[in-house]
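Take a look at these structures.
Across the two complexes that follow, subunit A remains constant while its partner is subunit B and subsequently subunit C.
Up next is the complex of A and B:
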């Protein structure tokens, strides 16, 4: 390992040690959920889950499985801490986050446990950076109680097609209305802006539609301002699963492929804006 | 008082443009000093503005094909002008493909540095773009404000790492803090450090090499490992690093412990010195 700077204490004292040869595998996926400063980290032997929330209405989770890391050692069943995500991202990209092939930043992340700072050792081209980020009291994340048995409608799309639609959305509209239905119009995005209403329809037999499982016609509105951060995840992803449950809660799951071709997931939950009369 | 100069070579024009662009990124106004052999761009900022100072020296022979000047008096054959480097940089932008560039000190409604660029044209009629850049002539009694800065009696002198790496690191650190501690020792190590309530970050460079010391205060008594350090305004440092458009052939940094940082950039045909005072 190129990391030569080691703290004086042995790894044995850390409750969590994680190493990556390419820090972009972590920083890129964290950028997809970076819309608020506070991020809750929860590490288990399966990997790392990072949660960011806004206004108790929106929650984003990024999952980085332990296999993504070259080393992932955890001494307890579950380790949680909260840090400032903006600061963390600045630290992770301290060498500029170069995309030049062959130039990667290696990372070693260590955590001593409750009350200790999160330590990062980064190395690129023989230059070493040591960061100590103060951790905060972890807050309990909201449980959206979104479970797969409760899913009313589900579609899986190629991200390209949704990216195109999102880039053309009328941002003057306060809400984005999503209609999912087993019959026409199948999957529809609607905006109600200053210059009129717009609808984007996806036929269910489109090449872009990988899976179409709609059992019931459902129309829900979501605040545009809440959905906007999810476009960061959309930009990175190759597939996206759009699901709604019986109460109209929206789940967006993004499948993200990293530099090494491994797969990670980012997930957004969003509350519906208001109830629309159902047919 | 007269000044008239001409550049014919595109290469020279380009390198002169690069120097001016660098200066314009560093300061809003500066002083241009003309002597028979050299051009100097100078800045000595007031302490209230951060106290940064700059000294850029160009050998006129490396840039100009013709260079005639007559100073204010025979015993003071120099001209001092105050100008906005951005104006000069903008004028040079239109002269990018010029066949020739003439510079002249003129008296229009106010004293001006007039640049006339002859642009390539398809017909026999030549196209000339003229820029009048207003300047203030600095009277002789104020010249003493612009003495060449004496190289400080530094504690450590060290070669800088690749500027791109250093710039990346400092760009991120700027997001996290307003101040940065730059420290280095005489065994080729340099550290950049910040510390705030939220985070502490330190970047360690090794094997940078120290320029051969020519005496000074750094006597043999001083330990090679001892760090000399200075706490500086990150914005000033970042501004300086991002002003550089080409990698200098030599870049070094001198630190006077707890007093100031002195950067020296050596290019093929120009040299730039930059002083950032340390803060308590």
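Up next is the complex of A and C:
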């Protein structure tokens, strides 16, 4: 890609400037949704939202609030652009992944607006790297129309136990079936693989279950291949909320604590595979 | 069949499954009156393993009413039930296994911490009984050792080593790697490991012998033995007869049965599971089948080992016929072949008398060139070449 496709401007003209003392507070979260090459960045005065989609059936969003940044200046109400996420992550981690205590890489992210490249200044131990990544036309993200009022079932679990279940899931199964019900089995993950089927049941009074609000018995199937990337977010998180709406759309929300103990969110939305009334 | 396991016994069962998975690809599950048997056999049917868990191993054990509750399944699917072996103890409180052939149901239910319930409904096939016929008490030699001793011994051999030779006399046991191909012998690194009789808890040697078997098949047992801490007993006698490794305690009996190479170099499976007890001894017709497996070795003194007693230098005596009736069965009842094909190939009888003297070519022990043998043992009466076909059962003298 030629370096001068997009022109550069001076400092004062930036539409968005964001600084972080520790770039890992951004890169770690982005890794949790980096299952596709391209990501949509949307910045508002509230912070940064990064969206990755797959085949119009799966959407992952990472939210990094403006408070996480040491500096977050935005000249417009909403700034959007699309970049190659893989390239961006390579740049953010350009100083390597070492976690030597006390040594952090600082980031200053600058964007001039539509048509301009995304400029990254990364500094570690006095060494500065400047990266310019070409931006692309932002695409409209899918709106799953998942709103709180449509939610029929919701549970909040501690990530530890769900991590264990996800790590043991039979990957020969094409689908992951999730059953949520006010009665037995309450919250069940099922797989149907080559060697048989398996069910993981979480009772509503388990001490891993922080919240249990199920109004209606629902069973939905989701493609395992779509949900697999969510395990990265699960690995980073300490709590996860699982919600389904009346249409069977799934929302997984992960509470992630970054290196400095601050809270960020990652969420995954997934379309159901088919309507299954019984197990 | 319905049984419940609690606490650390779940891990023992999981380790047994893991141990069996290193030998065969299918797990045969057979609930019996005297406990639950988990068995497997390797693809070449030269190694068999059985873990028998007595009813006391379980918190509750309900044997099936009919005796036809037997099934087999892909071992990987059972391993999937017991993933993350290391955390099994901490997370699993109870495990329930239910088998109902009529309802086509095999269910493993794990009750874990925090109320988490894991249910696995596995697919399986009906199967016939898989049982090897072997006689531990009838073996001439019995050695019992702490598992660590054997594990440490095996450690000295490369993991890729297939076959190992074990020679035993009144005072010690020698483990050597076995290299069959003459060309390889000059390039291969030969390792010899000697254990004196004192290192063993029990050392009963009634026959000085040298057997060769596949070490790989045993590694699964040794891992299990080490984790259980139970002493391992080896039962064997002459080459060609099966070797048995056994672990027992009050609630568990483990037996690994391996075929050993007969002195012609052909592995014999006459301990095999597929044997029909009533079958007559195999005739000469099978002799011609074994050309590929015959390894010729010239009789000669075993060099480089001065303490070694010199085995008799005469020609082999007429084979002893251990007929179908002669081999005592440890398992009661017939052995049935699950798919009915194997019965004819495996023979219950063995033939050669004494283990012959052998030399093997190596840098350390001098060398003798093995000569190619001829197929028919009948024509070699004048030579001290072992070329007899192991399948030759009818008592004809071997050279």
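FYI, the second predicted complex is superposed on the first by the 266 of 279 C-alpha atoms of A that agree within 3 Å, B and C clash if a C-alpha of one lies under 4 Å from a C-alpha of the other, contacts with A are read in each partner's own complex, and residues count from 1 in each chain.
Please note the rule applied: a residue touches a chain if its C-beta (ideal position, glycine included) is under 8 Å from a C-beta of that chain, and two chains touch if they have at least 3 such contacts.
Just so it is clear, the model here is predicted, and its values are computed rather than measured.
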- Could you tell me whether subunit B and subunit C fit or clash when both sit on subunit A in the superposition? fit
- Message: Touch test for A:91: subunit B only (first), subunit C only (second), both, or neither?
- Response: first
- Message: If we overlay the two complexes on their shared chain A, which of subunit B and subunit C does A:170 touch? Say first, second, both or neither.
- Response: second
- Task: Could you look at A:161 and tell me whether it touches subunit B, subunit C, both or neither (first, second, both, neither)?
- Result: second
- Message: To make sure I follow: the centres are taken over C-alpha atoms, the vertex is subunit A, the ends are subunit B and subunit C. What is that angle to the nearest 10 degrees?
- Response: 60
- Message: Touch test for A:201: subunit B only (first), subunit C only (second), both, or neither?
- Response: second
- Just subunit B (first), just subunit C (second), both, or neither: which does A:129 touch? first
- Task: Determine, under the contact definition given at the top, whether A:45 touches first (subunit B), second (subunit C), both, or neither.
- Result: neither
- Query: Once the shared chain is lined up, is A:182 touching subunit B (first), subunit C (second), both, or neither of them?
  - Reply: neither
- After superposing the two complexes, find the smallest distance in angstrom between C-alpha atoms of subunit B and C-alpha atoms of subunit C. 8
- Which subunit A residues come up in both lists, the one for subunit B and the one for subunit C? none
- Note on the structure: The answer for subunit B against subunit A in the complex is residues 161, 164-165, 168-169, 171-173, 175-176, 197-207
- Message: Going by the contact rule set out above, which residues of subunit A touch subunit C in the complex?
- Response: 161, 164-165, 167-168, 170, 185, 194-203, 205-208
- In the complex, go through subunit A and note every residue touching subunit B. 5, 84, 86-87, 90-91, 93-96, 124-134
- Within the complex, which stretch of subunit C touches subunit A? 73-74, 76-77, 80, 83-84, 91, 106, 114-123
